[in-house]
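Take a look at the structure set out below.
Chain naming follows the written order as A, B, C, D and E, and within any one chain the residues start at number 1.
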Amino acid sequence: MLLGKVVGTLVATRKEESLDGLKFLVLKQLDMEGNETGGYRVAADAVGAGLGEVVLYATGSAARQTKYTHQRPCDGVIMAIVDQVEVDGKVTYDKSEAV
Amino acid sequence: MLLGKVVGTLVATRKEESLDGLKFLVLKQLDMEGNETGGYRVAADAVGAGLGEVVLYATGSAARQTKYTHQRPCDGVIMAIVDQVEVDGKVTYDKSEAV
Amino acid sequence: MLLGKVVGTLVATRKEESLDGLKFLVLKQLDMEGNETGGYRVAADAVGAGLGEVVLYATGSAARQTKYTHQRPCDGVIMAIVDQVEVDGKVTYDKSEAV
Amino acid sequence: MLLGKVVGTLVATRKEESLDGLKFLVLKQLDMEGNETGGYRVAADAVGAGLGEVVLYATGSAARQTKYTHQRPCDGVIMAIVDQVEVDGKVTYDKSEAV
Amino acid sequence: MLLGKVVGTLVATRKEESLDGLKFLVLKQLDMEGNETGGYRVAADAVGAGLGEVVLYATGSAARQTKYTHQRPCDGVIMAIVDQVEVDGKVTYDKSEAV
């Protein structure tokens, strides 16, 4: 899994039927210190993530292992909202202190 | 999932039987602002996408989770036509304003 | 899927039993204009592709969705021989004109 | 599989239900000499790995093939703690000598 | 699939139970001329490959399609020992002539 920051939304009315009801969010990819790496990903939201939140997302077939994404043509899912990341003994991200 | 722009078509008459009837489109990969990134992908079309349209596509096993691509040797599928992308509070793509 | 050009063959007599009978071809990866990108891939041949032909290949679990590769430890398959690619209104590859 | 070094932890209370009880660790990716490559990965821990340990991790659907991760939306798992790596006849990593 | 050269071994005593008995080898990734590309991979050995041998390996779910790796958390497998590679009409690797 990798870290991402929810920065946007994507609207698509014409789509594969089975995608109805799925919410697509735009993520900026983050490194483990919480810095943006330049990459992005569109992911289905399985946890009710909000704009600005740092999340954990999974790609590939793992993205279909939530009740929202099961058997849908979806290769990326947000499956956790991150509270805290600690690297080398330092807290590199803390949701309660994030602006 | 990632964003792509439909820029072309691919014709192949000699192919694995199970691919009969699938339409292959050529996509330029886009970043989340809608700029071309230099990469491309050939994807099966599950939504009737047209040339010039910005689409959402999935890769890997997710690409076989549409009725068109089920159990076919296909690792990329267009499963949504994008209406609007909003990033950091700004609309970065709007189908109705696209040329 | 991506485009590749068949440039060679690979022979392996000592291999996982289930691979018996599979033909392995060496592909140079192509961009959508048909230029070599520097990468390569070894893929199983599901369509009887010949040296010099431009093909479409799939990777990942999709590579096992042909009758030749079903349940075999194979992560790349040639599943179509390309006749024509058209990008931005121009034919970038035409099998009948290829040397 | 690739080598990683456990450098941190990730806490997430709001997450897909099926992830309850999974421990997420932050890994720095290593090359085969044990040097950091600059990349990272968040992985579920299937073996009780500790901070500072060099581990082997698997990604993709393989990450769901442990009893801890079965059918969970998880695309990375630590499934072995490395004792020794030998490359070109030299020991490049030995757990008993690691600081 | 890609080419690799077996350059080392990896020992791990503490690991997911289902991995017992699997042999892990360290591979240097090769291009199609047999040159090292700088990358590496740890793969399970399904064919009894030896140090110095050039092999074909598969990644992703394909890596679990051998009797040795079935349903194990393994994302890379050596499933063939290469005898000969021929590219553009020239033999770029021949096991019988390799030092």
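Operating definition for what follows: a residue touches a chain if its C-beta (ideal position, glycine included) is under 8 Å from a C-beta of that chain, and two chains touch if they have at least 3 such contacts.
Predicted model only: the values in this text are computed from it and were never measured.
Q: Roughly how far apart in rotation are chain B and chain D when fitted on CA atoms, stated in degrees to the nearest 5?
A: A turn of 145 degrees brings the C-alpha atoms of chain B onto chain D.
Q: Could you check if the interface between copies chain D and chain E is built from the same residues on both sides, meaning over half shared, or from different ones?
A: Mostly different residues.
Q: Once you find the CA centre of chain C and the CA centre of chain E, what distance in Å lies between them?
A: 21
Q: CA centre of chain A versus CA centre of chain C: separation in Å?
A: The separation of the two C-alpha centroids amounts to 33 Å.
Q: Counting only residues that touch at least two other chains, what does the list for chain C look like?
A: Within chain C, the residues that touch at least two other chains are 59-61, 63-64.
Q: Mind sorting the chains in ring order for me, with chain D at the start and chain E directly after?
A: The cyclic sequence of chains is D, E, C, B, A, beginning at chain D and stepping to chain E.
Q: Under the definition above, what is the set of chain E residues touching chain C in their complex?
A: Where chain E meets chain C, its residues are 1-3, 31-32, 46-48, 56, 58-66, 69, 77, 79-88, 92.
Q: Which residues of chain C touch chain E in their complex?
A: 7-16, 18-19, 24, 26, 28, 40-43, 59-61, 63-64, 71-76
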